[in-house]
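Below are two complexes that have chain A in common, paired first with chain B and then with chain C.
Entry: the complex of A and B
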């Protein structure tokens, strides 16, 4: 029996409510401005839209470049079945992060200025260019799926010939971009809480993006299995979790080393809500997943694998919101909690992303492995040539 | 507070989804038992795609002309999905003349043996030394079987499927496979309760049927 779009389900009803509320909020935002629609202020200009839509959205989309790096740079071919869904998630994640940015910018119609009005001393300039270029690269990485769907082998051959340079460019841009999101906060050391401010923020952002990228691949695999009854490639997901936990441990070690070398460990002893949030972030995002994923037995058990991915993502969300909101609020003493408009727009963007993902996997060969149009002549075939000539 | 709010919202949605599944008497894939369908890879008729340059026989062996004029022969992806782990144990020997329909590969599925037939007529020139007793993973790529100098390939290829016809043929074969499994499987749950309602087939489902069933599979699906 085919699914009908009109068939009501619990999540469809929830999604429609969220989208209607989001559209109304978007109307308020673009007709009455940021002041009327958000709880942002001059003292607190970056809120949920930057903290969640941009910092978390882009970080959660890191699975695309992480899997591409494994399959195309380190040539671990067994991860290839995970590449297409990860690239699609990354592409949608970046598009939605840009959409979120359009809501947050005071003058969104001027967003194109970064293309021709270069301010090479600004981190935001790097962020803007990386987002533009990497979104284009992600589109090109996903383009073969579209070409396969519409059976356009000639263009597909051309795209496949340039696919490796495209992938490498994507990994480079993503590395620049993920780290430059952390660099954004380097310009405000006095405005951030010492527990989160570090000159190593770009490194922390980059490492946490890689670990969460792999965790998102696991989380997404379970979501797909739940929705479409796809089999889980448990061996691959287990390997993803292992890579993820290695990066989590490296990130955590660097953080502790930095805190101790910069004399900031004393802040851990000041009992306040801010410190508790730091402890919570470490507990959820590092200690619990490290406990489970360091054991092979747990890594190969889908229950623990799933919960570990949820913990890693939760820890990541906490960290990014702590960096972008908690630490700034703690130092500026300004209070901020997002308005209903901000919350509904963010939720709408998430729902649109999930619907887009669903629509695309229903209509394009996302869960099929890459189609090889041309195999290079293998060594064995080369050997066989003289055989042919001699007979 | 914002951090806690975001965290609680994320976890709340996961918890609600769990409750929704529970109310529908379904299980989240993370909580399925070890032998659940979520553990087992499945396939549908939509997944079959083959390189544009190959010619496929009704017996699920393919032929592809390489740049030196030799014909590469291999087993198609449908067989991999239907049988699961399969390895070629014997091939026709180098120098032997093989007619179309003659056995070209002998393969093992568990402790059972299957014969695959040649899609073309010609002389075996070269055997892929990496293929014997190795699980086939890349059916149209590195895991080809033999190279042949084919006779009248330009005529024979007209009797083989190519391009879109391969997809159509494999879709029909998928439907035939469902009927076949319904008749022969010892473990109906591996074929899936919803198989005839458009559901998927478990990868390797054929390997779970009886020895007599395997013989019939060879007769029904591997005859050129």
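Entry: the complex of A and C
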């Protein structure tokens, strides 16, 4: 017991240091500008804040829509315990991605322009609208948890009526912008390394977002189970891992088919750090998890399941960084490595996200057995009247 | 009908005197950035440069594409391709995402990195002068006629004529005629363009087409997706209900048997 308190304090100190450093970096960014605080340049205008905070933040949040589709559209009831944590992660993920964007934009105070100044040819315009709408959807999807906590059955009843259309809208919006984050790069064929550029980028982004979404569900379930001692629903998690690996294999097959059809396989033979990074991405994101998760024995083993999810997530992160940074740096004379300021702002956002997740699951019924939304309203009223809801 | 304007830059005529560089600085009220203009590079304070490649000079500035990537990618429509030809920028719309810089095939737009209220900066083909019927400042300053201003259609004819009349002098291609869908700036030179620092191997079709190919699938994805989701929801729900009823019936029949 004493040990766990000590460990907790250690991480608390680390978190505080990261946040203080992040706040200082934020101060530098907003008082001295992008030039002084980042390693961005005319030759390399998008860096870590787009490549990691935006692309990875939104991608890792894909668990929210993926699980919702399984539980509320395909009506696979047994997955319902996983829905709320996934929706919460997604909501936090989007908020943090938008926070990261506020650092990256040169004129962040003008971000609302996207609402009234339209350019329908722009992928980024589409992404902006999808992210705005989907964040609202996520809020509505998570709102019942808040209503339950504060015992407000009447509003809950209204939300319940519109929950299915809202979830469908959420899935459609996610499909659009998860793929469109890949479409952002379609317009720069000559600027990107051929191993990553592909007209199929939106498809790759979409498929990998789904597989990583499920991996994130597994990863969070393990972390929160360890921290709060609720039981692990291993059969559900291994089912998640199975869905994840199916999408990974489809994605990988498509990639290889594309590379061979477009005559790009030769680039795999050019041995350079860039090619090694491509191999590394495939190794940790595809081969290692495929090896473990294709066997039922490993898939139902806690340890392998956990490590496979970590590998899938790492492979995903490397892929997004490779698309947004490596592939561009490889083709231009400019080099880029994020500055301390960029890194520390990113770390601060990650820490804030984890801290918020922790705080919310401590105070709201996130890990409750099923969505109260699904119970008849009379039942909801009967639960919420007596003071039986535990803290 | 308004005729599109443009410029023809003939490398064989350029003597690298720097008149265009200075005229541009003056016209756009830009501060001095380098004592030796030949060593300067495009920046938020320099919209055109002259680069030296051996005995040849190569001038760089915004190409003013016919279907510009910057115009198509800007989420708030801060860039406009005007009827006269210039691609202009409206800072009052800009949110500072820098997608224009990321997307530009000619790597032209520059950013005010040191400013807290940063703008994207680039050549705007002296749009204000063009509106008054004046030529660009750089072409007016050019003493040798290396930078020629005129109606784009006439310039294309002129460039083709020069290539045809002096096949031994010119590399037989016009940069900007088809590259990335074509532009309002045309370049002719005695050597292949990549030797003068131009981006070669650009697709022949406008780059925004690549994005449009993906974007035009959106309505289909949304409608088919909505139908599939609705259908699957209905099917799976019905399936669950039937399963539940069957379970109930079994229970009932069992209790009847008892």
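Things worth noting here:
One rule holds for everything that comes next: the second predicted complex is superposed on the first by the 360 of 391 C-alpha atoms of A that agree within 3 Å, B and C clash if a C-alpha of one lies under 4 Å from a C-alpha of the other, contacts with A are read in each partner's own complex, and residues count from 1 in each chain.
What we mean here is this: a residue touches a chain if its C-beta (ideal position, glycine included) is under 8 Å from a C-beta of that chain, and two chains touch if they have at least 3 such contacts.
Being a predicted model, the structure only gives us computed values, none of them experimental.
In the superposition on chain A, contact is made by A:124 with chain C only, not with chain B.
By the document's definition of touching, neither partner reaches A:170: not chain B, not chain C. With both structures placed on the common chain, the touch criterion links A:144 to neither chain B nor chain C. Contacts of A:108 after superposition on the shared chain: chain C is touched, whereas chain B is not. When both complexes are overlaid on chain A, the residue A:64 reaches neither chain B nor chain C.
Of the two partner chains placed by superposition, only chain B is touched by A:307; chain C is not.
Within the superposed three-chain model, A:183 lies in touch with chain C and out of touch with chain B [touch as defined at top]. Residue contacts after overlaying the shared chain place A:234 against chain B, while chain C stays out of touching range. Chain A has no residue lying at the interface with chain B in one structure and with chain C in the other.
For chain B in complex with chain A, the touching residues are 1-7, 10-11, 14, 17, 20-21, 28-32, 37-42, 46-47, 49, 51-52, 66-70, 72, 125-126, 128-130, 140-142, 147, 149, 164, 197-200, 203. Contacts from chain A toward chain B in the complex involve residues 1-2, 10-11, 47-48, 51-52, 56, 148, 151, 153, 222, 225-226, 229-234, 277, 281, 284, 302-303, 305-307, 310, 313-314, 317-318, 321-322, 325-326, 329, 336-338, 365, 367-368, 371-373, 375, 377-378, 380-381, 383-385, 387-388, 391.
Of all residues in chain A, those touching chain C in their complex are 30-36, 40-43, 45-46, 69, 72-77, 104-108, 110-111, 113-114, 117-119, 121-126, 128, 164, 168, 171-172, 175-176, 179-180, 183-184, 186-191, 199, 202.
Touching chain A in their complex are the following residues of chain C: 42-43, 69, 71-78, 93-99, 101-103, 105, 107, 109-111, 113-118, 199, 201-203, 207-208, 210-215, 218, 221-222, 225-226, 229-230, 232-233, 236-237, 239-240.
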